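In what follows, chain A forms one complex with chain B and a second complex with chain C.
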Partner chain A sequence: MASIALQATRRSTRVSSQRLGLGALKAALWVALAVVMLFPTYWGLITSFKPPHELNTDPPIFWPQQWSIVENYSFVLTQIPIARYYLNSFYVAAVSTLAVLFTSSLAGYIFEEIDLKGKEYLFMGIIATMMVPFPVRMIPLYIIFRDLHLVNTLAGLYLGALTSAYGIFLMRQFMKTVPRELLDAARIDGAGEFSIFARIAMPLCTAPLAALGIFHFMYEWDQFVWPLLMIDDGDLRTLPLGLVAFRTGFGVQDWHKIMAGAMMGMIPVIIVYLLGQRHFVRGITLTGLKS
Partner chain B sequence: MTASKAAHAPPLQGSRSRLSQLVGSGPTRSQTIFGWIWLTPILLYFAYFSYYPIFSALSMSFHRWSLTIPERPFIGLGNYVWVFNDPTFWISLTNTLYFAAVYVAACLVLGLVLGTLIFSFREPFKSIMQTVVFLPVMTSMVVAAQVWDLMYMPGYGILNYLLGFVGLGPYMWLQSPQTVMPAIIILSVWKGLGYFVVLFIAGLTTIPYHLYEAASIDGASPFQAFWRISLPLLTPTTLFCLVTGSIGAFQVFTQVYATTRGGPGKASHVLLLYLYDHGFRFFEMGRASAIAFILFGLVLIVTLIQLRLLRSQFQY
Partner chain C sequence: MTQQTRRLTRRESLRLAAGLAAGALLAASCQPAPTPTPPPAPTKAPAPAVPPPTQAPAPAAPTATAAPKPAAPAPTTAPAKPAPAPTTAPAPAAKAPAAAGKVRLKWWSHPYKAWNDELTRQKITYEGMNPSIEITYTVVAYDELYTKFTTAMLAGTGPELMGAQSTMTPNLMAGNWLAEAPKEVADDIKTKFFPVCVEGVNFNGKIYGYNQHIGGILPIINTEAFEAAKVEAPKSWADMLKLTQTFDKQSGGKYTQAVGNFPYTSWVPFVTWGTILKSMGGDILSDDAKSIALNNDIGRAATEEYLKYVHPEMGAENDTFGQGKSFVYFRGPWIKAFLDTQFPKLKYKAIPVLQGSKARIQKDYVWNWVISKAATDAQKEAGWTFLGWLNNVANQVSMVKASALIPTTKASLEHPDVANDPWVKTFVGELAYKTEYAGRISNWVQVEKVVNDELALLATKVQSVNDTLKKIETEGNKLLKESKVFV
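Take a look at the complex of A and B:
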């Protein structure tokens, strides 16, 4: 009896110490991973807080002895209209996202719910455009916008991005989950097709709409090549363009200023992300797995 | 796959055609009108902003098409021949392929390993780590490039300082032709990895837990479980990451433009930068269109390989 009990305890201690070892290993990996992923952001942030004489030192200064937050950040605010850049970026991304949500769900609804002759060919025609990378269309699009006198306007940034083939595909997939009976009942009650779409189908698709909206907004927010081609005027720059322009002309002695600009471009986005993290991640997984 | 059930089902079967039963066959007149009224502008939009530019670019790539010269003669494959004879093109192509191969491989392997690792963490550590890994994805590429530019500084840069402790470096990073592409790849992996990790975690959540239970009862180690269960069942996710990752990687531009603009010399010149130079600095838009179609060719090859792989996946 005693030997069995002893054996049992011995086994359980072995298992638990093994588990403890694995736990310690995991904890170590956890910390290491977090440090590696967070360090660049930390370093950028801490650099943006430093006075110039703490920048290029040997050994490097990990925690400023002297804080010059106000100087660095107010320098950025006086040098570039960063609030304006924010507004431009936000405006372009918001208009494009709202338009994409509307056109995608409407087209998804029509393709899924209404029997139109030849609609499958048209649908394939739209989906096929996903295979063509944007740089292929970029040059003729530039010429189109130049002929429309939309170069160097914010409208030129969103007018080419009012629909999304991917969005139409995604919304059609989700329109399949809307029960036909519900729509037919409304039709028998004499509801118009548009109000059936807007009042019944759309509200049932809020989850994919939110996911698509967040995904598309992120994508538009970080656009770089197209705005680079379109925008010359300093006041019309989007945030990425503004930050690149701000950085040019500064040398190694000015990293605290450059980083103050970069961090101002980053921090609000991070706050928004931390607030709505679940939705972002769901947006990615939904859009990723449905393909 | 996406074909509507209604279009192929016999008209009197299933709930989809219940309305048709009530009001006669086919969609009602008002439905048809509604459909075409709203669909037509969307279709026209695609025609004007997608199809027309694609064919226009194809046509431009066969002409000597300069923004500043009104005569635009047809020169057949002249632009393509010119591009293929330009050493800068081959440098850009090599750099782009190098970037795509290493970036995608690193993101797949690290994404898979970190995804599995993070998936095995307990809450709240799992959620915290997912947030931490995804944070760089949310960061603007320009900001990421500038932060890494700071860390890569050769003289007083923090990265060389830290690597010194493990006996590496110092490197010139973005300022040396030997290290500039690895440096751009490292910053891109840091920026993009979270996207792959999140996708792999989502893939792992779809694998039934009892498979792992059965494996552990049979005495399989966690490593074996990963190799024999997770990896095969994650194949669709892996393929998706492979294809979207490489298509994105072929179009690498922002991080190069924001740090080196192709330098030092042409050591970090990439295809899209090459296209940008010819189209929007030299205004040789015919040549730039030819470059665009070469880029398209690369993307097409990857897409076709994916389709082939997917087909063989169904057999297995």
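Take a look at the complex of A and C:
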């Protein structure tokens, strides 16, 4: 009896030590992954704090021996109209994100809840647009915008981004999880479809909307090629476009200043993410459930 | 029947207000930004951004070996005749018809602060003297300038004036996007500008733009390191090879110190590798520019020599030179501002072009101002007049002081302020040994990219010299088949 108990204890100890070992291994793996993911940001941040002579050294300097935070950041703040670039970027990203949240959720609702002939083909057609790379559409799109007199306007930056195939896909996935009984009950009570969408479906969609909002805001905030083509005036430049002013064609780059600008450019995205973080994770999980 | 007036609820009022605000915002954002009022033109030329070096470079010593006859006559460094002061250049009254209203010109270039500031100052001065001309100067990142320009030209929204490096110019020519200079402008350019510069805008005997500056890339040496090692600055590529024994240190396949740490990425490898190739008597293209001509013994020897100065494990060439780990590298005069700012203790100077086994030569580029073919006649006329004024002696000399970029007219090169500046003088003195950087083919940008990409793979030991040359030949010949050759 005692030997059985001893064996059980040993087995239990072995299992728990195995679990502990596995747990430690998993933790180490996660930490390693986190380091890999965070290191570029750390390096960018630390580069933005360094003086020029510590930038490109062998061996590399991981912690500045001399700090040039004020010099680097004040240079960025004084050499380019960064407040205007911020405002332009925020305006374009915010208008586009709000529009995408509305159009994607409405389209997602329609595709899921409304019986339309050929809607599946239409949906596939929308999804197929995601496979056409931007450079293919770039010049035709530019010509269309030229004809609409939208070149060199901020509207030209967001009017082409009021809808998102990815957003429609994401919201349709979530709409599948909304209990049909709730919607039917509203229909029985005489509510119109838009009213059902706005008053019942949308309040249930905060998580995927947060996820989509963060994704789309980040995407728009980082846009470079389209603003590069569309914007000529210095006053209308977005932040990524403004930051390239620190790059020259002479093979000389002030990395510490470029990184200071890039770090400042990250701030709004981090704020948006922190604000929607709780919903963001939930939204990603939920929309993946019935994919 | 009584008419009932329905009052808006608070929610409806808010919705209406929000709708109106959104509509107004949308309408406002569709309008281009108002043109900012230009600040008054400064009365004084800006202080030179590039102070003279603390150590005056040694005078360019002629090479002992028989140097080949330069392609173009060397400019005399002594001031030939007094030139006008840089701040008092008169702006010609533009011939643009006043009756037609203001002539508006869009002008695109790339960012380099000292240069942009000076160009903006000159533009404002010109506008002040010619109220019928309005010029909008826009800076586009160098790497994206060509993409933005070609897209805009295809759509008909491009600028009337644009800066184009000599590598881009043949492509723009092939796209039929450039306006030919009127005869009097072309004659003026051919007469007044330095011959190697004019080559950058001369296609099939016609002139398609003004030259703003010439690259003027030279070897730059760390003078302290040479003094400490008690060795002289190299005069030839053979000297460079000997110096590797003095300076290069290798430990476990990792260079820690080297005479030269030449670049292996971006556009610069082409300059250094191309220079070695040319100085050994080789060339990239065949004489008719229809095939690659480097996959031979000279090409191999030149590439192997280039490899001796490429050490990716050392880090970026600007930094290793600045940190005193490498002692010779190739850069243009603009690098002074960077080195002085980033490495204030560094002692350095530019030295003359190195003599090769067959030639004393340096590959280079020219920066051009070109005019769009799509511009109206009035815009073209105003554009050529403005560019002519922009490149007068006073403005070019002023630009040298502000940015250290080497001017392109003979008179500017002979101006005392240019010819006597110790740093600039070395670059100017070596212009006779320059060869124009770009090819005469329409897709030169792509061919050069192939060369640079393959050299990068060679430098990082991904492929051998033979494979590199073979791939350049194969890929290059494919591109050359589609290319248009200009004379």
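Going forward, the second predicted complex is superposed on the first by the 166 of 291 C-alpha atoms of A that agree within 3 Å, B and C clash if a C-alpha of one lies under 4 Å from a C-alpha of the other, contacts with A are read in each partner's own complex, and residues count from 1 in each chain.
One rule holds in what follows: a residue touches a chain if its C-beta (ideal position, glycine included) is under 8 Å from a C-beta of that chain, and two chains touch if they have at least 3 such contacts.
Quick caveat: nothing in here was measured; it's all calculated off a predicted structure.
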**OP:** Classify the contacts of A:Arg180 with the two partner chains as first (chain B alone), second (chain C alone), both, or neither.
**Re:** first
**OP:** In the overlay, work out which of chain B or chain C sits against more residues of chain A.
**Re:** B
Subject >> Touched partner set for A:Thr153, first chain B, second chain C, both or neither >> reply: second
Subject >> Which of chain B and chain C A:Val244 touches, first, second, both or neither >> reply: both
**OP:** Using the touch definition from the top, say if A:Pro203 reaches chain B (first), chain C (second), both or neither.
**Re:** neither
**OP:** In the overlay, answer first, second, both or neither for which of chain B and chain C A:Leu38 touches.
**Re:** first
Original post:
Regarding the shared-chain residue A:Tyr91, is it in contact with chain B (first), chain C (second), both, or neither?
Top reply: second
**OP:** For A:Gly21, decide between first (touching chain B), second (touching chain C), both and neither.
**Re:** neither
Subject >> Which of chain B and chain C A:Asp232 touches, first, second, both or neither >> reply: second
**OP:** Would you sort A:Tyr273 into first (chain B), second (chain C), both or neither based on which partner it touches?
**Re:** first
Subject >> Overlapping contact positions on chain A, where the chain C interface meets the chain B interface >> reply: 55-58, 138-139, 142-143, 228-229, 244, 247, 252
Subject >> Interface residues, chain B side, partner chain A - complex >> reply: 2-4, 6-7, 15-16, 18-19, 22, 26-28, 30-32, 34-36, 38-39, 42-43, 45-46, 48-54, 56-57, 60, 114, 117, 120-121, 125, 128-136, 138-144, 146-148, 150-151, 153, 155-156, 158, 161, 190, 195, 198-199, 202-203, 206, 237, 240, 244, 247, 250-251, 253-254, 257-258, 272, 275-276, 279-280, 285, 288-289, 292-293, 295-296, 299-300, 303
Subject >> Residue numbers on chain C that touch chain A, as the complex places them >> reply: 25-26, 29-33, 36, 106, 108, 110-113, 136, 138-145, 147-148, 151-152, 154-157, 159, 165, 256, 263, 266-268, 313-316, 318-320, 322-323, 325, 331-332, 334-335, 338, 341-343
Subject >> Contact set on chain A toward chain C in their complex >> reply: 52-53, 55-58, 79, 91, 95, 138-139, 142-143, 146, 149-155, 228-229, 232-236, 244-252
Original post:
Across the complex, what residues on chain A touch chain B?
Top reply: 26, 29-30, 33-34, 37-38, 40-41, 43-44, 47, 55-60, 103, 106-107, 110-112, 114-116, 119-120, 122-123, 125-127, 129, 131-144, 160, 162-163, 165, 168-169, 172-173, 179-181, 184, 187-188, 192-194, 218, 221-222, 224-225, 228-229, 239-240, 243-244, 247, 252, 255, 258-259, 262-263, 265-266, 269-270, 273-274, 277, 280-281, 284-285, 288-289, 291
